[in-house]
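Presented below are the structures under discussion, each in the form of structure tokens.
In what follows, subunit A forms one complex with subunit B and a second complex with subunit C.
On to the complex of A and B.
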């Protein structure tokens, strides 16, 4: 009797420990599974994206010619040179001008176009949507060839048209006062459609009942756009602004590097093209280039903070 | 029949004011349309002209389409080999990015880890810092790993640069799938990896297409990274070749073949855009609306 009970209890205990064991095994299996699932992505991201972001700071403290792995420690020398470099300051000024104006232009037009195209009266809006989005997928090199041929002072399409209506053609990319605005135009031409599509979706996502009750209250289309559509998508606009400021410096580099390479006489030099020209562009001052890269990061963050502060509004829920 | 009648009645005759406002609204739209369409038409036209015609009058149609511009451009610039290079590099980056990003996203979305927010924030760095500032360090890493001037470095770097974005899209996607699916798979005796590969992964096809299309456009259109990481002619990507022709064009002008090569290099983008444009915009906007 007693023996039997002991036997039973030990059996139960045995089963229990087996359950615990199998749970433990399962847990181990689960961690192993999660580990090997996360590993490839994390490794790639860490080695080729995260480490480089941090490494830039380290390289900026060295002098490095790029031909071998030989580096000499320079402390803050590169940053001191940077602060006394008139070209750097000029490039920083151009950088601010081009990106702030470009952001304003892109977002103004994207929002207005989105509001316009969300109106049901435009029956061909699908066509506009597909066409306006298109420039944002066109390769930067093609954009360069395309606009170089349109803007060419002698044989370009634009000056030809201007001459046809009796105006004088201009050197769009060769004139120091014009070049920055020409570049802003090309960049805005490429980016606007992308954000327009984003905002259009956001506006179409607003419940129609809100618009209907506004219409009953006597609000016209324009009033509805400024009082309802734009305030209600404002948070999307701000998120997109942040994304745009971060990504547009890459686009800016592509456009300016190919179309003017910072010229004429550095009138369109921005920090990214300057970073390239002091490092890969022949001077081989990679340490100094990294200091410029750090300045790009600082300036981009400052622009982001500024724009976020300026655009802060009350958030409307719907 | 009844429906048709109803529809017809609803469209009231338009007043003059409405017609004028319709036209006025379309004017700025038309301007934007023109700035997009005309340059491309110009490019297409000039790809079929002789140099003489090009200088004589740029908006005349070519007297006789010079298809030889295409054959000449493709044969004499090495563009075809570069085109093939690009195809291999893009395909490699696509596979690497799609698989590793969706695996990582699954861990973040469904791994039930206590610190998955930390992982998320770690990836956020890749979205909130401009990629351009990594140019010099990536060059350094490529030298250290002895991968500088190889096609594999481009595959790795492309996949890595798009990792954060792809993971974010996929995390949102995995979170939208019901948990019952996984539980059912477990009850049926599937292990962890079986559940993922057999049940969850196939279900995310729309998400995979989204990150695939965005990735394709990024990798194919890239110029910056290819320029910094590749120096040998035989390993160059297609746009490095186009750019070289464009630079040479400043000295020895040959517009026809240059335009022809441009159109050729852009063709894959056009095809992908034509097929996937609705998916592209959907992917974009679904992410936007979820925040």
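On to the complex of A and C.
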């Protein structure tokens, strides 16, 4: 009897250890699976993002013309030059101005349009969705050429319309007091539709019962938008903001590079166009250009952290 | 059974992921693979056979068009079995950088000097001195060598320590261009002096036109090279010479101040169309084509560049830059696109053949000029080939040949690339924002002070002697 109990206990222990082993095996398999799943992405990230970033940082410590592998070690000299370079600070100021205002404009309009076009009472909402989303699928180069033609001071559509109603045409891209806001307009026109669609999807996921209850309680459309839609999609807005901040430098570069090349007199120069002009624009100062690139990395990261901290709210579940 | 199925699926997934990883790795490694052999070294063919040999040429897309095509076609015809490769690319400078770093440079390259620092490339040993070409016998007249027929004064770009490193592929003249037909129709007198030019401003304004427009967006080229320097040279050749050599007061000469003040005066009077100067260059040029601007400072590629945009009856004509007094010498910036030979070329014999046909075979030269519509650096070019040029360009070459217009090439922005952005900024400011002449001069002296203080920048002496000599010749024959 005693032997039987011992045998049973030993059998149970053996079964238990087998279960533990099996669990461990499953866990290991799961880790391997996750590793293999992440591997292509990790490889891509390492080869095309991480290594170039580290190389850029190394190059920023050298003076390099880019014509051969001849480099001279400069230590932190490029960073010292950067801190005393008035054009860098002007570009940094323009960069912040354009991206902060552009972010505010894009997200305000995207949220409001998403709320408006999510309404089932608006029968033409499908048409408007396509209309507003359209600029997001048109290649940036075509958009830039299109707007350069619309904004041309002599033969442009905009000045033509202004003259038609008796107003004086403006040099939209050639006047330093106008150029930054003109560029913000073009960038916002390109981006708003994309974020509008993201927010519409989020709003349409909110159960209609919540809106119906609010309506019964007497809440109008505006109140429903500000008290229900926006709070409930806030996490989507934050994620989109982060994505927008990280990607908008690239969009800003191609708009400004094509439309104004940073001019007139650096009035629309941003850090990315400045980085390009000192590196590839004839000056061939690759070490200094890399220092500017590193400053962009720091600035973008700080902006992302700041905006994520400022926009942190309680998450509502539904 | 179920477990087996799951295990098979799991294995399949693993295999797929492994395959994906291998593809990724392979793609990455192939991007970093060793440069392909460009040929020309390994296969030692029969002396008369060029089978297995390859000439590798890289060209930018620019004002010279696809000028290498007829030369390479001729080489393939006369050198049996020779293979040639030619790449024309807007980003040729970037391609060149990558290929030099991968130790796989093309044999011959012609990239935009605005995006590639030729002088750094020369000092870092990327380019080969062209001395090896001088003894090569000409194709049409073997009694002469390339050294005998080359017009060396036209090859100032890339001249370092007594050696030429760059060959001018296409030489552009420059000047103030105007529509001679419109002048006839409107009864405008073609100005010879500054006062006559200035007086025309008011007449143009009364007709709703502008006297002039220049690019502020690309001021370092269009304003500086084709407007400011020709104006400065008519005021003082010595002052121009000073601005080419960095010193604390290079830009403080009274003539520099006067040239800037005269320009600012034109802007203040409303004679300069300033809005279009901020646009891309072709948009500005459309204003000139449309007849809204009387004079446009530009290089001689203008006629070809604007192609089909010239309105019917537009008679593009060269105006020698108006002088301060009648009969004085006028000056013209001679520019061009250049090619260089890689210091690591293993095809020196093929490179010699390339330039031999480009510069001394009439049949090939005519085809090249037909494409570039501009000059080649050979003596008596205007006499022998002037008829092949568009009338606008031909008239500028004829003006140089007459001796009254003296060609020069301003080198400071090429020697010191950091000068260009300062010119762009300050001329935009002077033209559009009320920046004062003093501020412009201070900024230009400031950048020269920085260049002087920077030991990593090679200081090069600009030699004005050939221009002074040409001036002395003109004054003697006047």
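List of remarks:
Methods note: the second predicted complex is superposed on the first by the 273 of 318 C-alpha atoms of A that agree within 3 Å, B and C clash if a C-alpha of one lies under 4 Å from a C-alpha of the other, contacts with A are read in each partner's own complex, and residues count from 1 in each chain.
The working rule: a contact is a pair of C-beta atoms (placed from the backbone, for glycine too) under 8 Å apart; a residue touches a chain by one contact, two chains touch by 3 or more.
Given the structure is predicted, the values throughout are model-derived calculations rather than measurements.
In the superposition on chain A, A:263 makes contact with subunit C only, while subunit B stays out of contact range. Once the two complexes are overlaid on the shared chain, A:66 sits against subunit B and subunit C alike. Contacts of A:122 after superposition: subunit B is touched, whereas subunit C is not reached. Look at A:280: by the touch rule set out above, it reaches both subunit B and subunit C. Within the superposed three-chain model, A:171 lies in touch with subunit C and out of touch with subunit B [touch as defined at top]. In the superposed three-chain model, the partner touching more residues of subunit A is B, compared with the other of subunit B and subunit C.
Once chain A of one complex is fitted onto chain A of the other, the partner contacts of A:40 extend to both subunit B and subunit C.
In the superposed model, A:93 makes contact with neither subunit B nor subunit C. Subunit A uses residues 29, 33, 37, 40, 44, 47, 66, 69, 148, 155, 280 to touch subunit B in one structure and subunit C in the other. Residue ranges of subunit B in contact with subunit A, taken from their complex: 22, 25-26, 29, 32-33, 35-40, 42-43, 46, 54-55, 58-59, 96, 99-101, 103-104, 106-107, 111, 113, 119, 122-123, 125-141, 143-144, 156-157, 159-161, 163-164, 167, 191-193, 196, 217, 220-221, 223-224, 227-228, 239, 242-243, 246, 255, 258-259, 262, 265-266, 269, 273, 277, 280-281, 284-285, 288-289, 291. Subunit A makes touch with subunit C in their complex at residues 29, 32-33, 36-37, 39-40, 43-44, 47, 63, 65-70, 72, 87, 148, 152-155, 171, 173-176, 260-261, 263-266, 277, 280-285.
Contact residues of subunit A toward subunit B in the complex are 29-30, 33-34, 37-38, 40-42, 44-45, 47-53, 55-56, 59, 64, 66, 69, 113, 116, 121-122, 128-135, 137-142, 144-150, 155, 157, 160, 189, 192, 194, 197-198, 201-202, 205, 235-236, 239-240, 242-243, 246-247, 249-250, 253-254, 258, 272, 275-276, 279-280, 286, 289-290, 293-294, 296-297, 300. Within the complex formed with subunit A, the subunit C residues making contact are 10, 13-14, 17-18, 20-21, 24-25, 28, 93-94, 97, 100-101, 114-117, 120-121, 124-126, 216-217, 274-280, 283, 286-287, 292, 417-418, 420-421, 424-426, 428-429, 432-433, 435, 456.
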